[in-house]
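Please see the structure below; I have some questions.
Labels run A, B, C, D and E following the written order; every chain starts at residue 1.
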Amino acid sequence: MEQAEVMLDLLFYIFSAIAVAGALGVIVNKNPVTSAFCLIAAFIGLAALFIQLDAYLVGIIQILVYGGAVMVLFLFIIMLMDMASEERRRFGLGAVAAGLLVSVVFVVQLLRVLGDYSPGSKVLGVLPADAATDVEQIGKLMFTQYYFPVQVVGVLLLIATIGVIVLSKRELK
Amino acid sequence: MEVTLNHFLFVSGLLFAIGLAGVLVRRNVIVIFMCLELMLSAANLSLVAFSRFNLTESGGPDYNAQVFLFFIITVAAAEVAVGLAIIVALYRAKQTTDVTQINSMKN
Amino acid sequence: MTLLEAIIAIPIVAALAIAFGSPTRPTAMAAAAINLLLILMAFAQYDLSVEGVYQLAGSHPIITVPSVEQPGAQSILLGLSTGVDGISLVLLLLTGLVTLAAVWVSPAEDQIKGSKRLYYLSSLLISAGALGAFCSTDLFFFFAFHELALIPTFLMIGIFGSGPNRVRVAWKMTIYLGVGSMILLAGLVALFVALGGQSLQFGDLQGWANAPAAIASASLENGIFLTLLIGFGILVSLFPFHTWAPEAYATAPTPTAMLHAGVLKKFGLYGLIRIALPMLPNGAAHWQTLLLVLLVGNILYVGYVTMAQKRFDLMLGNSSVMHMGYAFLGIASLNVIGVQGAVLLMFAHGISIALLFALNGHLRKRFGTLEFDRIGGGLGKLLPTLGLLFGFAIMASIGLPGFANFAAEVMIFFGGFAGLYSQQEGIVIGPVQIATMCAIWGVVISAVYGLRAYRNLFMGPLPDSSKERKLVDLTLAERLPLILLIVALLVIGCAPGLLIKYLIPSIENISHLAG
Amino acid sequence: MPAYYLEIIVVVLGLTVLMVETFVSLRDKRSLGWLAILGLLVVLVLNFTVVETGGEGGNTPFWSFYVMDIPAQWFKGLALLATIFVILMSVDFSRVLSKGICPEVEDDGVDDCAENQVALSEFFALPIFICAGMMWMASAHHLVSIFVALETVTIGFYVIVAFMRRNVGSLEAGVKYLILGALSTGFLVYGFAWLFGVTGEMELGAIADALNAPDVHRTGALFAFALILIALCFKIGAVPFQIWIPDVYQGAPMPVTAFLSVGSKAAGFVILLRLLEPFMASEMLNANVTSVLVIIAAATILFGNLAALPQTNFKRLLAYSSVSHAGFLLMAVASAPAHPGVVSPVAAVSYYLAAYLMMTMLAFLIMNLIRVQRGDENLEAYKGLAKSSPFLAFAMLVAMASLAGVPLTAGFVGKFWVFVLALQEKHYYLVAFGVIGAAAGFYYYLKIVKSMYWDSPADAGSSAAVPVVVAWPTRIAIVLLVVGVFYFGVNPGALLSLFL
Amino acid sequence: MEEQNLPWIILLLPLLSAVSILLFTRRSGNISALISTGSALITLLLGVVLLRMPDDAVVAAFPWLNLSSNFVVEIGFQIDQLSRGMMFVVTAIGAAVHVFSLAYMKDDEGKARYFAGLSFFMFSMTGIVFANNFVMMFVFWELVGFSSYVLIGHWFEKNSAADAAKKAFLTNRIGDFGFMIGILLVWGLTKSIYFTQIASEVVDEQVLEGVSNGLLMAMVLCVFCGAIGKSAQVPLHVWLPDAMEGPTPVSALIHAATMVAAGVYMLARISFLIPMSAGAGEVIAWIGAITALIAALMALQQDDIKRILAYSTLSQLGYMVMAVGIHAADAAMFHLFTHAFFKALLFLGSGAVIYACHHEQNIWKMGGLAKKMPITFVTFVIGTAALMGLPFVTSGFFSKEAILGAALHGHKALFVIAAFIVLLTAFYMTRLIVVAFLGKDRSDNAAKAKEVPALMWVPLVLLAVPSVVAGYEFFYKGMKLSPMSPAHEGPVNVWLIVISAAMLVFGIGMAFWGYRGESTEPMRLNRIAQVFAHKFYIDEAYAWLIKVFQDGLAAFTNFFDRAVLDGVIARLPAAGAFRLGSVMRRLQSGNLQSYGFLFGLGAVLIIYLVVFK
């Protein structure tokens, strides 16, 4: 095995670990701000995995939209609120047990599915060099094939805009 | 160990499960919301992994999935916006973000 | 619009008219009277020489599908089809008579507490439901029309019922019948599916059922029959699903009790005869013993329950349950004589129980109670006309010859013994014969409680409490509807052939029945 | 006229409502509602008249996302109708709505003053946009278009459920719906990812082919199906994902509840039908898929009907009722197509949903009036209604009878075909559950009838004895619905023949 | 008048009378009485004419009930010696009773009802007599029961009358229970219900060949059950004494002469069936004998004049049934024929006495009536003599000898019992005459008694004649009645006469010696006499049985129905559904966290079900 490939595999484990650790950090930290930062870490780990999967544009968008815009929004809202009381709050024992139970069972089920999923044993190969870049491909698809969903999403965003205005405008009268 | 599709799928599923656990465990509605976003992203990882491994005839990844992913991210962002607006409104009305405090309707 | 459609439509139109402000009692009376006339016209137009088809038929196709038998043509899957044979004609007559009497005995407007419009409208709708069910030759509408009566009955008992338990009783009856009709629906749909799922028309269904091995497996056929038996059984208060009936009838306002116990309840029996017997002959044979056990429960068990009643209305309710056992016996004997007897009994019992409930209403109006102990007896001297008519009614219900009930019971008993001796199998005293003997003992039981009731109400010395009451005997207007019913019972009792000549061809047409 | 014009017109209509409000000074903003209703009626007529159906349209990529077949046309019609009734209700509801957004609004009893009508135009516009989303859902035939359309609707509902942002109930409902809705979206996306992964396709036709191919991976496909099913069960409110329904229905503004229970459910079912079709068609997956659907259907029927029994809040009762109807609909869905009969599951579900729309809207229209004029959603408020407002009481009686499945109403026909389908597939136990559920239904639907007809108002002098005022458009709507319930109950062919 | 219509007229005229009274003259007792009596007299006339009707006369039948297209139950007529003779008895006694009633019921409030009832009874009884098939017989069987109910309960304000009416009807219903089963068995086995058809099939074609004896016996005995009820045989005899609560003319007509004899008539009609089963006749004979014996014993200690006669009737009916059982149906019919006259006479005589004594029925409060009511006394004595069977001068002698003779030929044990009953009969009738008619009056009512009006004593006299002569051959041959078959004619057995005469004398002597001059019952305190007086405590036993078994069963089923069955079938599922609903509702805790948990749980569950199951 070439060293580059070993390196790539190693990177997979590193980024996966970052993502998983970040995700765990989100749920174990009492402070929402810390949680938010952990989430950013998880998103960055995810973005790295995307890039490893040769989805450069997606990875970058992931960092920009999630790690950037969305998380800023979250932090902004957290800051708006008084989070002092959050610190004192304890986890409910039942809730923890319930969460553990459900997610462990889910992971076990997933493992069994994956164990059975033969196509999943494909090894991550190298893409042919002559393939067009993903930006070009995605852009082309988006605006030649997917123009209908794009327009629908436009309406969706319109709804969201109106909704946010209606819900948060201080004085409507 | 060589990295296979299943590796990515497992990480994706694990993140999804962690997100799910977070939704169930946490009481702060904002953190819950974060966990939901995490779940979405985790699902995205599966999508990208499948895209990368379901090679098209030309040998490249199936970019349809990546296009889909753009829509998912867009929708998720919109959802975050609306969701946070609702949470803020709730906070204004009830001065709390604890989901166990919002249970005026039951049975 | 065919004659039958008019018969169904008239009460509905009259009910609508009442809802929109037409004078209540005159409208209802007119509708009932016109309907009775139309039903008699239907008898006149019915051609006895034509066999094996529904007559006076009309059809409005609603869903048509490409025909299975004739490629290219369309056949009716679902349609508002009407038609009658002898069996339905007889039941139409029953409905017409009881409806007229029920509207007639309805109290004058000022005596109804609550909405008068609702009162008369409900009666008419119940009647329309029964008429529709008896005329329909489409499984869907056959079922649907019967259910039309559910809500009016619920409202009538709940609003106008008597007694402190009316709420509970109305609920119980409605839920019970709701369960029953849902089970029935499942059974009917299963039958429709099992017979190919291509048509809901009786004619087509029967045609397919007549084909050899029409239903894929015996267990399926048995299952469908059992479902239908339970479904119809609940509606007819087959033991052990009978506990809704006595209280409901005791509580219901008089016209509702008359229509429900007299007419609507017959729907279940009609359904068994019209659908279950001819279309599922093997299922019928398979469950014959079970049905016999249950109907003996109706006759003996409920008979003894009836005997223990201390209130006249409850006694009537129970007795009506008990007598259903005889109709079931006629059906369970699986031969032409028994089934004819069952239909005749449906007619006779319908009229006689309606008559008894009408009298029950008169007693309730005069005493406010129906407990034997509190009335105390001795009314014969004080209310001679009521006593006389009451005597007729009681005698009819305990099967005195001359009343239609007797003729019907005799037919049923003969049906039960028709299979006693055959050249092939020799002599068999089988379950049917044993059940028949139990049923004959039931005649004794019904005489016991019938005569006890008459004894406790009308005979013996007059207690002081009654002397103080200003009791008025029946007025002429009150008598007429009762006399109408009594005359019907007597005419059919003395000349049952008047109806049987319509029944015989139709019932002999049900293949698989022993001759 | 190509079908996609319909949605465009609807979106433009929504924008028009917003624009008019912004640029025209209105004395009474409720006239915007009439404008919206008028516009939607036009679209409704167009939908069933000039729009071309069935054609593939062309080879443009558009037609891989969008189909216009009979079910699509049908569900577009349902969406439009539901929206029309919802806006009609919103007009009546405007006063309560304004109080819910801005409690400081002067309660001078004047409804028709623009100053007192807070955010009313948005409350008209959002359902119109959501309606467009539902119409897209009806036509969606591609994972992406399904997802986008579905989320358009879902996000729209997040907003309008929480619309009364000063009303705790509305907000609470909004949060619950948001969290659980987002959770289900997560499962949906995850499921779509797997479906794409297993089949390599995103267009439903291609997916069907892929699933039918011998080399499809069974476990993977089933896993994808399970994840998608979880999300869709949430949308339609099937057990065990019905949990949000009672709370959200109770908290949401009345017209929104109606919209949720009719529109959202119908849209959920159309997606469910579309996504199920490839799985059901695959012989390898069929058995598993069917068996789980049967279990879900049985549980849903049982839960919906039994949990409704002790309920005294009418709105909440209708929520449980909505769960139970989802169960009956699932009965039909679970009965695809091993033994094709005359009526297909799609036809049965379509008919059922149309009937459900009529009867539920009827109930909500009346409930809305009572809520606005008597301020009460409990059964108490209905006591003696038959005396004070016999017309409304009768209409409610019809609605309840139809919901309960009393024959000669549209609701019965729906149940009838559902039973036919289930028995065709020999789902005998499921039918048994259906029987139990339907019988229990008699109790709680008639409970309302009992309140209206048997009981007298708790205190005679109170508002309960005053007749409820019914504006003429609402009155017309009620009359039309009552007639419709009966007409389609007696003549089901009028609707069903579209599918035959 | 067409001869073929004659039976129809005899049948329908009384019905017409009853219906017209019901419909039109209900309020006028006198007109009703006249209508009814008129119809009775006309039917008597027609009944006599009928005696001339040939056996093969064809009378149009009315198809009453078409059981199927080839099986019709007719209202048809079987005109033969048996029915003609019976018809004569019925119409003759009916006419006498009608006339007697005109006086007896003169001032009764319910006179119209009474006469309607009488007419209806005449109609029903005629139906039984003419019946040519089992079902028709059953129809009229029930109708006589109904008219009996109406007439026993004529004074329904009296609790005792009301109860007696009910008891009579119900006891008969129990008998009819068996009768109906019997009819069904006959029909099931022979596929016919017509007497002549069955007779020919049974005898000529032997359709019952191969049918097990048990079944045949069941068939015969079930039919016999009808007779047990109607003819008040043990164990269903209890209603007849109580039926004396009815007006006395009714007792004479229905409960002495005609209706109660219908059982015997029916047995005679179907007597061809009895030999079909070995042992059935034996059972019938023994039941008859036991009835005759215990009824005679009970009669010994009764104080009510009508009850003594009632038990006497029971006893005589037992005689007749016994005769049928030993295959001497013609002897039974002969006795029925003679008994009808003298028992009607006795009852009407007792009616006259009761009328004269202002409705006093206790013989110990009478006494000395012989002088005050000579006509009544003489006719009563004639009746008594006939009942005892005074040799050679009374009709009862001949018929009783016929039965005794048959018993002597057939069954010695039965003969002993029958002979003993002669003694008992002589004893209790002598006791009656001695106490009621001789000696001194023992009450005011008796003291004020005087002879009854002519309307009452004329029927007595008229009945006294056949009581004497009906046994003579010239009479019944002349009337074309001829109940005796040649087999039993011929020389009279001397020993028979000696034994029965000895018994007779012994009985009369003992009673005369024991009761002459007594003013109270001398054996009142005797244990055995107590048992007789209390009718062997059978009524008490029945009352206990009914209370424990019937009413107890009823109460139990009622309780079970409400508490258990309703609970299991209705209340429990309803409560269960409600409870389950409440439990399910509790899942809706309102807590988002638990909702999330349920969602997750549901998700893994669905995944499990879809993927792993």
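The rule we apply is simple: contacts are C-beta pairs under 8 Å (C-beta built on N, C-alpha and C of every residue); 3 or more make two chains touch, one makes a residue touch a chain.
Everything quoted here is computed from the prediction, not taken from an experiment.
Listing every chain that touches chain B and chain D alike gives A, E.
With centres computed as the average of Cα coordinates, no chain lies farther from chain D than E. Chain centres were defined as the mean of their Cα atoms; on that basis the chain farthest from chain A turns out to be E.
Of all chain pairs, the one joined by the greatest number of contacting C-beta pairs is A-B.
The central chain of the assembly on a C-alpha centroid basis is C. Here the CA centre of chain B is 64 Å from the CA centre of chain C. Look at where the CA atoms of chain A average out and do the same for chain B: the two points lie 6 Å apart.
Centre to centre, using the average C-alpha position, chain A and chain C are separated by 70 Å.
As a whole-number value, the distance joining the C-alpha centres of chain B and chain E reads 95 Å. Residue positions of chain A touching 2 or more other chains, listed in rising order: 92, 95, 98-99, 102-103, 106, 113, 117, 119, 145-146, 149, 153, 156, 159-160, 163, 167. Contact of a single residue of chain C with at least two other chains is seen at positions 175.
In chain B, 9, 16, 19-20, 23-24, 27, 29, 32-33, 42, 44, 49, 51, 53, 64, 67, 71, 75, 78-79, 82, 86-87, 89, 99-100, 102-107 are the positions where the chain touches two or more neighbouring chains simultaneously. Pairwise chain contacts present here: A-B, A-D, A-E, B-D, B-E, C-D, C-E, D-E [touch as defined].
Here chain D touches chain E in the complex through residues 175-176, 179-180, 183-184, 187, 219, 222-223, 225-227, 229-230, 233-234, 239-241, 243-244, 246-247, 288-289, 291-292, 295-296, 303, 305-311, 436, 440, going by the rule given at the top. Interface residues of chain C, counted against chain D in their complex, comprise 61-65, 77-78, 80, 115, 118, 140, 143-148, 150-151, 154-155, 158-159, 167, 171, 174-175, 178-179, 182-183, 185-186, 189-190, 192-193, 197-198, 223. Note for the complex: chain A touches chain B at residues 1, 5, 8-9, 12, 16, 19-20, 23-24, 26-27, 32, 35-36, 39, 42-43, 46, 49-50, 53-55, 57-58, 61-62, 65-66, 69-70, 73-74, 77-78, 80-81, 86, 89, 91-92, 95-96, 98-100, 102-104, 106-107, 110-111, 114, 117, 119-124, 127-128, 131-132, 134, 137-138, 141-142, 145-146, 149, 153, 156-157, 159-160, 163-164, 167-168. Chain D makes touch with chain A in their complex at residues 11, 18, 61-62, 64-66, 101-102, 104-105, 115, 118-119, 122, 125-126, 129-130, 132-133, 136, 144-145, 148-149, 151-152, 155-156, 158-159, 162-163, 165, 198, 217, 219-220, 223.
The residues of chain E lying in touch with chain C in their complex are 63-69, 71, 73, 135, 138-140, 142-143, 146, 149, 153, 156-159, 161-163, 165-166, 169-170, 173-174, 176-177, 180-181, 184-185, 187-189, 191, 210-212, 215, 550-551, 553-558, 561-562, 565-566, 569-570, 574.
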